[in-house]
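Shown below is the structure under consideration.
Read from first to last, the chains carry the letters A, B and C; within each, the first residue is number 1.
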Amino acid sequence: MTDLDELVARVRRLEDERDIARLIASYGPAVDAGDADAAARLWAVDGVYDVDGWRMESRADVHAMISSDAHKKLVAKGCCHFLGPCVVTVDGDSAVAVCESLVLVRDGPDVDGYRVWRATAHHFALRRIDSRWQIATRTSRVLDGNPDAHDLLTKGLAGSA
Amino acid sequence: MTDLDELVARVRRLEDERDIARLIASYGPAVDAGDADAAARLWAVDGVYDVDGWRMESRADVHAMISSDAHKKLVAKGCCHFLGPCVVTVDGDSAVAVCESLVLVRDGPDVDGYRVWRATAHHFALRRIDSRWQIATRTSRVLDGNPDAHDLLTKGLAGSA
Amino acid sequence: MTDLDELVARVRRLEDERDIARLIASYGPAVDAGDADAAARLWAVDGVYDVDGWRMESRADVHAMISSDAHKKLVAKGCCHFLGPCVVTVDGDSAVAVCESLVLVRDGPDVDGYRVWRATAHHFALRRIDSRWQIATRTSRVLDGNPDAHDLLTKGLAGSA
């Protein structure tokens, strides 16, 4: 016998996983549109984005990165931050997610097609804050043989932060 | 306290989102198999597919595109329409979804590997018709710096048609 | 009127689909980390992985492939097995899923970026064994015009094994 309380908890878990998958699926469209507000709000106010030697330490830092001239130039040439389906593990008001991504760039108006600039491993530690899932720490390492990238994937699959 | 009616509504929302994600995830496999029936039935009978200056105005138009010699040639050489995870917003019998995609092509039997021909932003407006989600309008613009592509992403993330 | 038993069955279906999507989304991160244990356990003990003329016939065979020098070399150079969102059809304790994937490789420390080595169609037949979804047979064919790849996609979309 399933009672109603148990069923509510199972539905809530599905909703949490859906909310986190949706958050992560929003990142690429937001940064490729150059929409700094939409991308930055995925992070907690004090959230971290640690990407291959560059550490942003707040939502404001992420906003500044997407508002930068370097990023605007990338968007103007044409770029695609393509994140794959994520594996999410929820534990109360905390969660871990792991996925891989490709970043594709167009080298100019006369170039046909795109080149794959990066292929990257991502580990997300998330927290439910004010009833909304937010990124506490996103750690990203290029898949170039770097063992740190492999560790991110392995611990993400194990659901550990 | 959660009552049963509220829980039923939450489960139905998860099912709607699942059905729409499944519909969008079916598109790539259908067109890469050259299966015009499977791809065209994702659209409403009067559904629109507006893609970079080419506007198909019915399910029959989509069917004709996938049955065309040009598309058959692409399938015979080897192509991959790779759509990423989508962000879905359901509102009753209407919904909006946004995602990005890559199209990869193989240039011939002697060429090793694939090139990325296009990276594209997609906005889907969907309707529940005869108890089945169908595409009312799909709008697709290449990510080449075109502000229209960015607008599609931004309005899709906001859940607006 | 929805009664509780019917609702439980609908939630269970969503959970089954979630479990299978999660299993398939785990494959890329596991093999790109060179984590043979995590990848091999996605297969049933007697599960099959049939990929373009190479047929592995057990979980142990999959483990051996990922532990091989050839695979380790690929991981050390940098590779990304990027599987897209899957279309899942559950029928009791059996299920079918279909998706496409890209495999990207880095050709060496002095090469900037990645090339797309393969674009592949995948059909998964899964079974619930000991309360856990496991791969009974995964069949993968490169999208190079081979009609077998198209058949995999078409039968996967139809939910047939």
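Remarks
We adopt the following convention: a residue touches a chain if its C-beta (ideal position, glycine included) is under 8 Å from a C-beta of that chain, and two chains touch if they have at least 3 such contacts.
The structure presented is a predicted model; accordingly, all values stated were derived computationally and were not measured.
Rounded to a multiple of 5, the C-alpha superposition of subunit A onto subunit C involves a rotation of 120 degrees.
The two sequence copies subunit A and subunit B touch through a face in which the numbers common to both fall below half of the numbers used overall. Computed centre separation for the pair subunit A/subunit B is 22 angstrom, with centres defined by C-alpha atoms. Touching of two or more other chains is recorded for residues 4, 7, 11, 14, 84-86, 102, 115-116 of subunit A. Interface residues of subunit C facing subunit B in the complex, by the touch rule stated above, are 2, 4, 7, 10-11, 14, 17, 84-88, 98-100, 102, 115-119, 121, 142-145, 149-151, 153-154, 156-157.
If you check the complex, the residues on subunit B that touch subunit C are 4, 7-8, 11, 14-15, 18, 21-22, 24-26, 28-30, 32-35, 38, 75-80, 82-86, 102, 104, 106, 109, 112-116.
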